[in-house]
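Mind having a look at this structure? Questions to follow.
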Amino acid sequence: MSSSLGKLFMVTSFGESHGRCVGVVIDGCPAGLPLAETDIQKEVDRRRPAAAGISTPRQEEDKVEILSGVFNGRTTGAPICLLVWNKDVDSSAYDEMRWLPRPGHADFTAFVKYGGFNDYRGGGRFSGRVTVGWVMAGAAARKLLSTINVEVLAHTVAIGSVSAEAKAIDEVRQNVDRNPLRCADLKAAEEMVRVIGKARGEGDSVGGTIEGLALNVPIGLGEPVFATLEGELARALFAIPAVKGVEFGAGSDVTKMRGSENNDPFATRDGKIVTLTNNAGGILGGISNGMPIVVRVAVKPTPSISREQPTVNMQTMTEATLSVKGRHDACIVPRAAVVVEAMMAVTLCDFALRAGLIPGVIK
Amino acid sequence: MSSSLGKLFMVTSFGESHGRCVGVVIDGCPAGLPLAETDIQKEVDRRRPAAAGISTPRQEEDKVEILSGVFNGRTTGAPICLLVWNKDVDSSAYDEMRWLPRPGHADFTAFVKYGGFNDYRGGGRFSGRVTVGWVMAGAAARKLLSTINVEVLAHTVAIGSVSAEAKAIDEVRQNVDRNPLRCADLKAAEEMVRVIGKARGEGDSVGGTIEGLALNVPIGLGEPVFATLEGELARALFAIPAVKGVEFGAGSDVTKMRGSENNDPFATRDGKIVTLTNNAGGILGGISNGMPIVVRVAVKPTPSISREQPTVNMQTMTEATLSVKGRHDACIVPRAAVVVEAMMAVTLCDFALRAGLIPGVIK
Amino acid sequence: MSSSLGKLFMVTSFGESHGRCVGVVIDGCPAGLPLAETDIQKEVDRRRPAAAGISTPRQEEDKVEILSGVFNGRTTGAPICLLVWNKDVDSSAYDEMRWLPRPGHADFTAFVKYGGFNDYRGGGRFSGRVTVGWVMAGAAARKLLSTINVEVLAHTVAIGSVSAEAKAIDEVRQNVDRNPLRCADLKAAEEMVRVIGKARGEGDSVGGTIEGLALNVPIGLGEPVFATLEGELARALFAIPAVKGVEFGAGSDVTKMRGSENNDPFATRDGKIVTLTNNAGGILGGISNGMPIVVRVAVKPTPSISREQPTVNMQTMTEATLSVKGRHDACIVPRAAVVVEAMMAVTLCDFALRAGLIPGVIK
Amino acid sequence: MSSSLGKLFMVTSFGESHGRCVGVVIDGCPAGLPLAETDIQKEVDRRRPAAAGISTPRQEEDKVEILSGVFNGRTTGAPICLLVWNKDVDSSAYDEMRWLPRPGHADFTAFVKYGGFNDYRGGGRFSGRVTVGWVMAGAAARKLLSTINVEVLAHTVAIGSVSAEAKAIDEVRQNVDRNPLRCADLKAAEEMVRVIGKARGEGDSVGGTIEGLALNVPIGLGEPVFATLEGELARALFAIPAVKGVEFGAGSDVTKMRGSENNDPFATRDGKIVTLTNNAGGILGGISNGMPIVVRVAVKPTPSISREQPTVNMQTMTEATLSVKGRHDACIVPRAAVVVEAMMAVTLCDFALRAGLIPGVIK
């Protein structure tokens, strides 16, 4: 298990889907940052299941508790432990599935790697539920980034074959928390609801694409050659269950472009050097160039589906079938967008600290 | 600078394009592995510029030297320093470009991050040339992986708008070293040569896609939640200059699939559990599942083009134009494929050591 | 803050003296290890304040809770979060001392480093209380080490000017938990009680020396050149508040020995190579040699004393005097011995995992 | 092998006693630092064998080469590879000793750990010769520290039973490079020469004690709880072959002191808070307090002695005797002092960077 992320802003994750709690320890947060449970609660609430028909009926209160590292409303420089207790746990559905690995899930690999000792209930350590901890860490990271005016934002740009139209950043910012799809294109969002509803009705699920943005990022974040901004962001984003692809700027479209098209020309604006296009997604040589960081994340359809699927009984080694009961989302994308923001924020914080752009004490 | 990669098999990179040498230190390689300069030379030679018209005319002898860690033909357990000297260095073209950052390159971000003290000649630390060191490390990693029968293989699957047809693994293995494009579809390869030649003729460049494969990977490599196999491979692959996207298995296609299509059904074959499809690219929950690891890497068109491009003089802060002279590849994809293999091998080695699948002494 | 220790068996500490709790996350513990709260409680209880007159009157129940990583009584391979709640907290004494740094404590350096935002109550993050978390981690580490028969043991060998006579290992093992001084020489222990009592009576405190032993350690733990067994043990031991010296085997006596005296001659016993003496303390070239690991730790007198001491008011920058009220130990040595065991166990576990001597799954 | 030290100023060591070279890679050195081969040569020369009768007759030219990371006389921010070639290598003496581990050396533990594949010639990776690399890294670190006026200094305070008298810092600074013993007490130094000569005459060796000092260290270096200044310095110092004890300030004397004696009282001087004594060795709570850092290092007598010693033939498993021929020092202490300085400098640099006290670009 490698449950820690970051070098100077280090996040350590713990907890399981059906265990006592889900939590996180943040080590390296500068002292003096105002941080309250309500700050973190707000982010955790954004990750909660949305309207019926899209998300899981599991409804956790998810009340955030700060266990350490904050005193008189400010961070102390000591490790910050954040935790939510698991309450609405129903493990009954999982007993019968103990020996039947769910296709698309980690049940099989976890069983082999941990010799059958893994907590299989609700996916245990591999459940999307553990990302509550990361969102809590992301909330602290975002507050820290806000001291240097960096903003992180993620929104749904595609669900199945429905793609959102590109919107201006202000519209994205306004719309994203206003609809359960976290989609800036409200018309597309309605169509996405239908697509998800249809899949759910057929005992199935759908995937989609999230775009993550980081604005006002100073020049110089990222460290060649093995800690590039792309590489570290990708590592953090691939931690999110169901992510299968990560691309920056023009992404895979670059493979079809000429150099003359793809290169972003330099120009001056207000005495500063900028690029006229942003095919690089704000990153050159693994280092932020001052333009918006743009990343796109491919999310697979939720593997938990009620349709019958072929599997193997790991105890008897005989082929079998399985219909995933439990409670689950027909589409995880909108909720994953909140986690994308968190992982981006945590990674950028670490780089900002490494680059000395955030001081050790916030005043 | 974060020039080290890996936890137990740690690779530290050093050297610049126009400095004295390019090298690497491997720390954590088990003792007893037979390792000769010829083993490593073979891999470095595969990375060298190919036929005229595709690659740079810079022709380095690139003679591999083992400086430490090998005694009587076997690794000793001590750090292995590997090095090639830079000889065919021509920095003349770069003097006039000192203040003119090349679009698509790291010149601008490096200048800002390092306060103008960066070695700008030939891209310095950001040049593709530094990947010679990684290929040397990859050569050692591949020998180590071969002790547990793991094979790593990368091939070109698209250049510009030309896509290769899917080929069986044996055909890939056979064809890939036989044509300068490292493409298993020999017919497509011919077309790719034409596409590259056309771009070069127009003072331009093209990008493409590389597929990396790892075969016979044991179940259990990868560590949730923040050191997933996807995440660590992606981090290593994004270190390669020009990589802008990384995806696994069905990749971004998953966004359009239903769960019932995307989930790989489990079955038994020869008493072992396998999946009938491999949309997951051999990875479930961040852990290898015994199926082939499949990764696709999007490579942007070489930013060095002889066409005139807009830029800014960083000294005078006035807008200017630039035509990259120097020597460079019109398409970096086939050479990058060798680096993809190296980065995959290094990452898998590290995980195999973490999982205890390679012993501390090879006998 | 660098609150994590270890590479494969990673321990992350959190909590403060007067905060809500003290805890620890263990990441990398192999799956399958039987682990119950009672196992850990036993070690935590050994660390609790001893008989009146020696230790602090603060009496915490210190009930251990396992929050994650254990399922059906065995470790799952997931991170293990262990926690005790702080209950008997009395911060009243600290308010008046807020601006008066206690000599010998971290109050001054913490104030400067964290810009005054540190939790100063009871020493906050720098209090010996945080070692409860480390003892919990040590309990898990000791269980893990016991699967390869490694035993860790620490005992008091000197308090002030009273030194214990050397005792055979069996006698050490028997006596150490039987007297509040954790001293194998019961006669010396009585004298130590008197020395401590006298100091306390005079509003003062005393220091002492702890010897740590690790038995049945396999050959090969420790990694040259920068992760030697001595170096990593020392780093872990210097984390314990009040430790000012660490030495191995003959320790500082080696400075007065000839090579011919100090070198431990090799011989064979039962077909195995051993050394006839153990001046090296079981470590050659930073690697365990199969003999007992012997380390001695110098512990300073508790800086909290009720005698008046000169200090400076950090707010007014005027000189002042201070008499530490609060509740504290007149001698921390016996309790620190339990923490020495924990830190040794944690460090040895990490090395045993790195060396592949403990498997990823315990069966 | 864990051959890297440091988090932001990371030093990776490579090379063996009788291999091709000894070297180091420094990663994370800020850009813009003036650094020439002569700067580093000066430090390496200080480490070279001293007058006949004290040190080994092996005389390496040890000409320093900068292989990367420096451009136009200044560091670029890229990794700095530094190297000296081994030239005066005579391995003949070691062939006959291949199966006979030298008492007090790592021959036995290296043989077992690396399955007999270790380079045994001259101690290979475990030889004091590898510290040439560390001294090169230390030279860069010292230059970097000098930009914030931090000075590091180590001197011999005891050889065998001869102890130097305490001298004022100016006298230490003046005398230390003037006599082959690196002892500030010139009279004691003469006696030390005699003691070493006598031991050598009897085919034996002697140990001693080094005191390391760091002056003008800003308040705030060191990170609780597991990266204390003491812990990290100790880890670095225990890497030096032959070091068996490390203590800070009053060191093991604290065990016999009362709290009222040991606590350093705070006072104000020139508007700054200082301590009136320095029993803490400049460190409180693992963090520098602005007073001089004082560390004492116990060095064992060189294990290589020409006297006959009992050992075991590892091939035949029969007892045997051995007389170490080769070339070696009768007392390693004065040369080790230079390495103590290097390790202190490297560690302090890392902390100064972590604390943001040295910027990413030196102007």
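To keep things simple, chains are lettered A, B, C and D as they appear, and every chain counts its residues starting from 1.
The working rule: contacts are C-beta pairs under 8 Å (C-beta built on N, C-alpha and C of every residue); 3 or more make two chains touch, one makes a residue touch a chain.
Worth saying up front: this structure is predicted, and the values here are computed from it rather than measured.
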Check your understanding: Which one of the chains is farthest from chain B, going by Cα centres?
Key -> C
Revision key, fill the gap. Contact tally winner between A-B and B-C is A-B
Revision key, fill the gap. Expressed in whole Å, how far the mean CA point of chain B lies from that of chain C is 46
Check your understanding: Cα centroid separation between chain A and chain B, in whole Å?
Key -> 27
Check your understanding: Of all residues in chain A, which are in touch with two or more distinct other chains?
Key -> 1-4, 7, 13, 110, 113, 125, 355, 360
Study note, to complete from the structure: The answer for chain C against chain A in the complex is residues 1-4, 10, 12-16, 19-21, 23, 25, 27-28, 31-32, 67-69, 71, 74-81, 83, 110, 113-115, 117-119, 121, 124-125, 360-361, 363
Exercise for review: Give every residue of chain D touching chain A within the complex, in rising order.
Suggested key: 7-8, 354-356, 359-360
Check your understanding: Once bound in the complex, which stretches of chain D touch chain C?
Key -> 1-5, 7, 11, 13, 101, 103-106, 108-110, 112-113, 125-126, 130, 158, 160-161, 199, 203-209, 219-220, 222-228, 230-232, 234-239, 241, 243-252, 254-268, 271, 273, 275-276, 279-281, 284-289, 298-305, 307, 309-312, 314, 317-319, 355
